[in-house]
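The same chain A turns up in both complexes below, where it pairs with chain B and then with chain C.
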Partner chain A sequence: MSQGSDVVVARDVTKSFATATGTFVALDRVSLTVPDHKFVSIVGPSGCGKSTLMQIIGGLTAATTGEVTVDGLRITEPRPDQIGIVFQDPLLLPWKSARDNVEFPLALRGEPKEKRRARARELLAMVGLSDFADSFPHQLSGGMRQRVAIARGLVRHPRLLLMDEPFAALDEQTRTRMWSELLQIWSASRATVLFVTHSLVEAVYLADEVLVMAAKPGRIIERLAVDLPRPRSLDMLGSPALGALRNRIWHLIAEPQP
Partner chain B sequence: MSGTASWRVRGGQLLVVSALALAWEFAARSGLADPDILPPLSKVCAILWRLLHDADFLADVRITGFEVLLAFAIVVPLGLAAGFLLGESQRLERAFGGPLQLLMSVPKSVFLPVFVLIFGIGIAQKVIFAIVLAFFIVVPTGLAAVHSVPHGLVVAARAFGATRAQIYGRIYLPAMAPLIVGGIRLGLIFVVHGVVFAEMYGSTGGIGRSILGWGEAFQMDYLLSAVLLVLGATVALNETIQAVETRLRTRNGVAP
Partner chain C sequence: MTRWGRNILIGFALLALWELLYRAGALNPLLFGSPSLVLAAALKDGGTFLAAFRVTGEEILLAMAIAWVGGILVGVAIGASPLPALIFAPILSGVIALPLVVLYPVLVAWLGIGMVSKIAYGAAGGFFPVALAALIGIRAIDPRYAEMARAIGASSLQIVVQVKMRLALPAIVSGLKVGTSLVIISVIQSEMLSATDGLGFWISYHRALFNTGQVYLGIILVLVTAAVANILLSTLERKFGRARVLAQAAG
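The block that comes next holds the complex of A and B.
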């Protein structure tokens, strides 16, 4: 895998906070690469700094030391032209319809209404919400809200889609359905996805590669390739290959090597 | 609240008000209450109707209305802006939050004699007193409005490339709208309160002075008709603004 085909390159990213009892190291020299058009999961226990890492890659938080580049450009601030973000809470504007929420990043750029409308129509169709374009967030289910958020994340054709535990708040059935939909959306959009989760099965089922993190200090302890065939089907959830990977990650997280 | 439930509540309120009105009329006519102190409602209404065609009284209404509007137009933007600045700056809030709490708890009416000494008994005194009274009610509303902006929405807007001005215009403003309207409503109510109160304390015109005059002359029917007018106007304004507030709250996905 050559350097040129990596969308994300993080080098020695450290994030530390001053606290009353000393310095807290949230991330300790984290380096990673995300290859073009791949789906990469980051999985780890709570407090391992995976969300902080996402925020640094997204340009929402500055690293203490180290650097992140996306598509060759050093990230120091949000880059909505290159990076779309889907948060754990959908964070839709409650006073705007699903369509207007999807259009929001385009409206911020002052794009003409016709163009915005056309793009929003395209994306709402992609996430299966064409009939709900005029609905407001409080009229939609949790899964639908998150689909609107995904459409909004993709609206500017980003190279990279960052997803920060987007399905954590959904119930088991909705979440499982969302996996299939996300994989379809991903293959249609051709974006590279970096997906943070604390669910081991989710991390394995969706991804081409899984980065395993440990806490105290937050660091990446393993990088695993997922050699399940694509397209994935929900039947694979019971497959021995997936089970073996899941168990391997479980042991890595449960008994991290210092 | 669903539509039918809302109508049921409205119906209930109407019933209570009608019952009170009937009880008032009955108490006065049956001699249960002293008609000199509580004249029948029908008589009070008839006097109010006459007053509304009386040039002197209408001049008083205009004076009060002007004072209310002037004080309102000054205190609401001033109070909301002060509250906004306090809410946006942690340093300002630390510095002024305490003194503000302190001043809020001080009864402003005890300073009315001082206001009269400084500003006389003209329009300025009443407007300034009303502003001072309402200011300490509007500022906390402005402060609460800033605090009501969900931080996550600001982060999301930043992630999608919003500039600072866009964050204020497209996130802060709509998110704060219900509480801004709430501030407008409270400002109006307290301005009316302040103006009428100051007029009653010392004034050359206005509804407050009329009310005081009728009270001293023991003309309860006239006094009550003016009270009814102030009451009706305030309730109508309050309900109208409250309706807007509820609508905005529903739009923002917050249970009213």
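The block that comes next holds the complex of A and C.
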């Protein structure tokens, strides 16, 4: 592991695309660290490159310049043993049951059935879906599907779980319930979470630290510590501390940056 | 009464009407035949037709196997490759629009008048729609599924076989249905043009001799073959068509 206890270390990550009108800089020399076992949110306006940053940290897209290490390993391709990824949509395979979807990453690696089954059982219990192991995706609610996707992301014991707006497609109530679920899963799994969202409340409520991004070019403009106590409870959503942080981020995003 | 019972009853009523019109002298037997003529033909030449049915069936099954396997392999390979589908899709759909029958005499010259030229011609007829459907089906998949598969550690081959092909299955099965119909059409057509055996050959043969009963017997056997194939493939299509709807619901 590099730099003490940081799971993710990104140094001067730049991503630019050639367009008809010139070069578009999606990310401009972004550097960040994510400490071990922490929950870090990334929040920013649309077009700030937060999803691109996730793609680069996850090894799905190459940075133009700069480098990312996860668990001390330089990331140039997906590393399912180090990094689990949860996308905005669950992207479950519709012909596979919840259990088979969770097992799929292990099946791809040719692990024996017994081992796969045991691990899937463990994870389905962790996300509270033990009774739905044999259900197919279309038989599950949106929130349940996303929990299956989280279990799939964790099945290979990654140090880091990347979550790219995982609750954006859910309704308000389900989303709020998922916050509590996710925090429980996070503490049970001992994984480090890097969580992208455009919801300021979500970013603050879940995280130990919030990275605030700005657009044009995409960059990190602030790093804020969230000093709400753990475990979090939904009562804190109305607390002055959370409100103050939320407003601070809102001003950072709303006011033009120099 | 069940739907089947009703359909069978309607079928018998139509046969009776056909026979009645023939008996009454309202139908020219040379043009329209009659159920009794078909029955007589079946009693006289049933053995020949059964043997022909076997020949045609073998040709269809072999041509189908080639069209299915070849079409899926080529369609999926092009669909999953980074090569632009814009180049291949118009070629494949263009070939489907060509009257391939003009190539049949060439095939006979190369492969002889026996079964091989029928199998080749039938396979060629079925290959293109299967390949095109597979290509379009693979290309139509939400690319985020492939990204998810990459993220969980799937290799390129695993992504194609275990994710993309399964997601494209409804489109592929629809292609198989169209392709199979074209295989059957092409095989019968080629037998009617130049052959030494097969249902198409015997239909042509008896038509030349004005044996209307035999001609209709052959036609009925061809229709039954096509209907059975269609029913089987429609069942398959319904099964995987439902899978597609569920996939959409699962987001």
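To be clear about the criterion, the second predicted complex is superposed on the first by the 255 of 258 C-alpha atoms of A that agree within 3 Å, B and C clash if a C-alpha of one lies under 4 Å from a C-alpha of the other, contacts with A are read in each partner's own complex, and residues count from 1 in each chain.
Operating definition for what follows: contacts are C-beta pairs under 8 Å (C-beta built on N, C-alpha and C of every residue); 3 or more make two chains touch, one makes a residue touch a chain.
Since we're looking at a predicted model, the values are computed, not measured.
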| item | value |
| --- | --- |
| Three-chain arrangement built on chain A, chain B and chain C clash or fit | clash |
| Chain A: partner with more touched residues, chain B or chain C | C |
| Partner chain in contact with A:137 - chain B first, chain C second, else both or neither | both |
| Which of chain B and chain C A:218 touches, first, second, both or neither | neither |
| Partner chain(s) touched by A:166 [first = chain B, second = chain C, both, neither] | neither |
| Partner chain(s) touched by A:58 [first = chain B, second = chain C, both, neither] | both |
| On chain A, the residue positions that both chain B and chain C contact, one per complex | 58, 60, 78, 80-81, 83, 85, 87, 89, 91, 93-95, 104-105, 108-109, 136-138, 152 |
| For the chain A and chain C complex, residues of the former touching the latter | 58, 60, 78, 80-81, 83-85, 87, 89-95, 104-105, 108-109, 136-138, 142, 145, 152-153, 156, 169 |
| Residues on chain C engaged by chain A in the complex (per definition of touch) | 142, 144-145, 147-148, 150-155, 158, 162-163, 166-167, 243, 246-247, 249-251 |
| Residues of chain A touching chain B in the complex | 58-60, 78, 80-81, 83, 85, 87, 89, 91, 93-95, 104-105, 108-109, 136-138, 152 |
| Parts of chain B lying in touch with chain A, wherever the complex brings them together | 150, 152-153, 155-163, 166, 170-171, 174, 251-254 |
